[in-house]
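Look at the two complexes coming up: subunit A is in both, with subunit B in one and subunit C in the other.
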Partner chain A sequence: MKEVEIAIIGGGPGGICAAAEAAKCGAHVVLLDENPGLGGQIYRRLPGGFAVRDEGRLGKDYVEGTKLIRELEQHKEKVEVISGAVVWGVFPGNEIAFLSGDRNERLKANRVILAEGAYDRPVPFPGWTLPGVITGGAALRMVKAERILPGERLLLAGTGPLQLALGAHLVQAGAKVVAILEASSRGAFWKHLPKLLGERGLLKEGFNYIRELQRAKVPVLTGHAVVAVQGDGEVQRAVYARVDNNWKTISGTEKTVEVDTICSGYGLVPSTRLSRLFGCKHSWDRSLGGWVSEHDSYAETTIQGVFTVGECAGVRGALVAAEEGRLAAIRACQQLGRLSEDEARRKSVSVVKRLKKLTGFESALGKMFAMRSGLFAQIPDETVICRCEEITAGEIRSAIAEGLTSIDEIKAVTHAGMGPCQGRICETIVSEMVSIQTGRPPEEVRPHTPRPPVKPLVLGSFAQE
Partner chain B sequence: MDRRIQNGFERGKSFEIEVDGTKVKAFEGETIAAALLAAGKRTTCKSNAKKEARGLYCGMGVCMGCRMIVDGKPNTLVCQTLATPDCKVKTQNALENWWASK
Partner chain C sequence: MKQETEIVVAGGGITGTATAYYLAKAGKDVVLVERGDLTRGSSAANAGFVWITYRAPGPALRLGLATLDSYDEMSKNHDMEYEKCGGLTLFETENLFKDMAPFVDVRKNAGLSGLKFLDRNGLLQLEPHLAPFVLGALLNPLDGHINPMRAVYAYAAEARKHGAQLHTGVEITGINIEKGHVKSVITNKGEIKTKYIVNACGAHAPVLGKMVGLKVPIGFQREQILVSEEVPGIVGRPMFTASYKKTVQQGGVGGFTTAFFANQTKKGNLILGGVNDFPGEVTSTTFEAFEAISREAIRYLPILKTLSVRAIRSFAKFYIHTPDALPVLGKVKGIEGFIMASGLNDFGMGVGPGAGKVISELICLGEPSIPLDGFSLSRFEN
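Right after this comes the complex of A and B.
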């Protein structure tokens, strides 16, 4: 079996920066990512067949992504990038199993840096399984990478600044955005957002988005959320309403709009399958997106030699992911003897400084846009929660009423989470529901125990061959 | 309305794929999901028990909502699969043999 000094899983900003930094310190690195190209979610490249003419017109994120990828390319001889590689399991001794095309491969790494990222938080409402209801992240991918409008008349529903970015991208590309529904109240949103964006150095970008939306006369409705989506076989209209401070619908305020697409963007959930497989200790933090692996100030988890960086270690944006990747790489290289303690300390000073500043603001953002339970409390009994096995809210509530309170128990009895997505969609919803019904804080609802394969082994043709 | 955005880049070769018997245009490097969206086709499969229409949801290989039969292979996630000239894509009627297809 192939052996490497450091294996990095995930080719977004976290993984790219970890790989570049480790190579700079002299280590040999393998970087694994399931996509055809590097970049991760935010810096996802244009499809392979496309020719870039004027990068500036592709947006700030694209340019930033190119910069990071170029930095990595300068260390070609030290870094092996394996694209189209789906990591489906990790085993004792830091063995990593991945599918590359039809080939099942393994490698052994002295140190492992997990940079898997996050995925959109699923929020159910009647009609959320209709074709035409997509996540905010899926919509961003379509406009920013595949350069296709996911719809013609869209309603954005959710919370947080990513919605503004999506709205601006959509109107720029010629789509009609009927409204952006922001569940947070007006006060919180407009008062803190500019300040926070400013502290992140993103003020200009944030204002550009807002200006773009104003120019296109897109209303941003704070304190509103989508109540239901309707249509014959696909989305045709949406009902939305005002919500109270707990994000529960205020009845009597419902309005209906004709739309063909709903983008549901309620923040992100950290991907923790691999860190859980490794046996790292996890704790719950709402402002970080839920369950995250515990780690020290060098991003090392409770399992020695295993690091988590970027959004899989807590949702705090791409800039944090990049710095955290660098920090983990420095520490891993020191452990491998590639750097002396002194060198490592010297190298990390500036990274730690930048990271500290960034994480402060990101955690304020996280708190401001953290989910409220009202949305989950009001899901009608007949609404499907587990999209794979079609288990309804009512069935899950009955199981909880019978005394089942862990995700695994509820799964065993109702089959919610037993389908091919392996509970990634319904798990966070079920745990909110348990917490609401039993009055226990979410950190007391035991999460699902993952087993390999953590990714389906039938994905398609992103492999290089 | 042309759903394909033109701005600062050029698409590569275009070709046709076959979706439930009709021709749909695709470009080199696009996922099947993107080609379907551009053509306004949104249903990818029917749910197992209730046989309700489903489509793209997460767009990143997590939810399994975009499963289709591609060149005879069921449970192919079209958001993670590139379109290739003349590939044959079919709406999938249920979650066929999910665990067996591994």
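Right after this comes the complex of A and C.
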């Protein structure tokens, strides 16, 4: 089995910066990412076949991404990038198993940096499984990196600044955005928006987004959320309404609008499959997006030699991801003897300073845009929660009423979470539902026991003897 | 939680929940305590085979038949995904037909009259996807499969309905004996006075035994299984090979055995096995097991490769064993009120409910309908 000093999983800003920094410190690194190219979510490259003449026209993120990837390319001899590598399991002794094409491979790493990122938070409402309902992140990815419009008449519903970015990108690309529904109250949203944008290095862009939206006369309706989506086989209409402070629909305020696409953007959920497989201790923090792996100030988890950086360690944007990646790399290199304690300290000073600035006011703001339970309390019984196995809210509620209160137990009896997505979609919803129905705080609802494969694995990927 | 009851059942697996159900149904005052939740033990993480073919004619086989009756009865009110669809033992060599003949003969006269050898053609009619090197099989039409988790929850629900109290997150840490009689159990949530304690702790039955000074020779190994995505119609009934494969790991330490088996759930997920080893009390799954199980599954069912079928889950639990592969059931010498209901080896789903029923009879009537002498703990004394 191949052995490396540091394996980094995830090729977004967190992973790229970790790899570049580690290489600068002299370590040999393997960077694994499942996509055809580096960049992660925010800096995703255009698909092969596109020729880019003027990067500037693809936006600030694209240019930023190119900068980071160039930085990494300067250390080619130290960094092996394996793109198209789906990590499906980690095993004792820091063994990492991944599918490369249709071949199964394994490597052993002395230190591991997890930079898996986050995924769109699923929020169910009647009609959310209709074709035409997509997540905000997926829509961003389509317009930004795939250059396709997800629809012609769109309604954006959710919370947080990414919605504004999405709206602006859609408008620029020629789509009609009928409205952006922001669940937070008016005061909260506009008051904190500049800070939140600033923290993510998006202040200038942010105002451009807002100007773009104003020019196109896209209303931003604060204190509103989508209630239901209707249509015959596909999205045709959306019903939306005012919501109270807990984001529960205020009845009597419903309105209907004709659209062909809904982008549901309620923030992100940290991906913690791999850190859970490693056995790292996790704790629950709503402002970070839910369960995250506990770590020290150098991003090292409770399992020695395993680090977690970027959105998988808490949803805080690309800039934090990048700095955290660097910090973890410095620490790992020190542990490997590539840096003396002194050198490591010196190198981390400026990174820590930048991180402090970025995360200074984060938790208060994180809370502002964090999910409220009202949305989950009002899910009708017939609405499907587990999309893989088609299990409804009613089925889950009756299991909870029978006294089942851990995600594993509910999965055992109802099958929710047993499908190919391994509960990625329904786990957060079910835990909100348990919390609401039992009155216990979400941190007391025991999450899944994770098992490999974290992504479906073709049985034929192992060579026959 | 009650502080006093007549019977405490320790362990919320298939054996414990079934025992609690039969006791409660008979009007007894029962408290079941489970240290984790009801998915903690082996009963929530097995292949779901309900097999009685391999039970020795006599009391062991009768426990199996009683279990099938119990499932039939329970299925009236609960969808446990139980199907008496038959089960297949696969033969890869001609010799196996001959070697198995006496085994089949004795069982045919002891209640399994439907046992039947199938040649390659007969087998292909039932299971068209099996590879050509499988020459035939032994079919028992009474065997079948069940969703083990649903089974546990069904017995638990019925037990509650009949007045039993079930408590999860309660671990037994000690047992008080006075003058040779069980007086109370100590748990992490307090003491419960009781006349009886039923030890249905699966792999941990020896720990409970030790609390009262008993040596219970139950060992366990880890067994690992893969679960595929939904691909209906690959296998019609649970099947396994009697041929094991040993893999010695590099350096000669450790090592594991692989034996192919397959079962398909109602939804179409394939349960594929199995790899066994002895890592101690560990329930993680290994790369080597993924590799070994995947390879064997494709060797027996090449269509899995053709269709690019994917694994979506793996799991591992303790597969318990006794020296003579028989369960340990009934009273123990010298401690009045201490009842064993453990040692169900690889057949808990095919015997657990039957065992629960007779344990209940033993407590309620003093005389079980199936004699338990052959299953007593004292058989290991020499």
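By definition in this document, the second predicted complex is superposed on the first by the 448 of 465 C-alpha atoms of A that agree within 3 Å, B and C clash if a C-alpha of one lies under 4 Å from a C-alpha of the other, contacts with A are read in each partner's own complex, and residues count from 1 in each chain.
Definition applied: a contact is a pair of C-beta atoms (placed from the backbone, for glycine too) under 8 Å apart; a residue touches a chain by one contact, two chains touch by 3 or more.
All values reported here derive from a predicted model rather than from experimental measurement.
In the overlay built on the shared chain, the residue A:Val349 is in contact with neither subunit B nor subunit C. Of the two partner chains, subunit C is the only one touched by A:Glu95; subunit B is not.
Subunit A is touched at more residues by one of its partners, and among subunit B and subunit C that partner is B. Contacts of A:Pro452 after superposition: subunit C is touched, whereas subunit B is not reached. When both complexes are overlaid on chain A, the residue A:Met418 reaches subunit C alone and has no touch with subunit B.
In the superposed pair of complexes, A:Glu389 makes contact with subunit B and with subunit C alike. When the two complexes are overlaid on their common chain A, residue A:Arg57 makes contact with subunit B while staying clear of subunit C.
The interface of subunit A with subunit B overlaps its interface with subunit C at residues 389, 419-420, 453, 456-462.
Within the complex, the subunit A residues that touch subunit B are 34, 36, 41, 46-58, 119-120, 122, 129-135, 137-139, 141-143, 146-150, 152, 173-174, 233-234, 387-390, 419-421, 424-425, 453, 455-462. For subunit B in complex with subunit A, the touching residues are 1, 3-13, 27-31, 34, 37-38, 42-44, 47-50, 52-65, 70, 73, 75-82, 84, 95, 98, 101-102.
Only residues 89, 91-92, 95, 97, 104, 106, 389, 402, 404, 406, 408-409, 412-413, 415, 418-420, 422, 451-453, 456-462, 464-465 of subunit A touch subunit C when the two sit together in their complex.
Partner subunit A is touched in their complex by these residues of subunit C: 37-39, 44, 149-150, 153, 157, 226, 228-230, 267, 269, 272, 284-287, 290-291, 294-295, 297-299, 304-305, 308-315.
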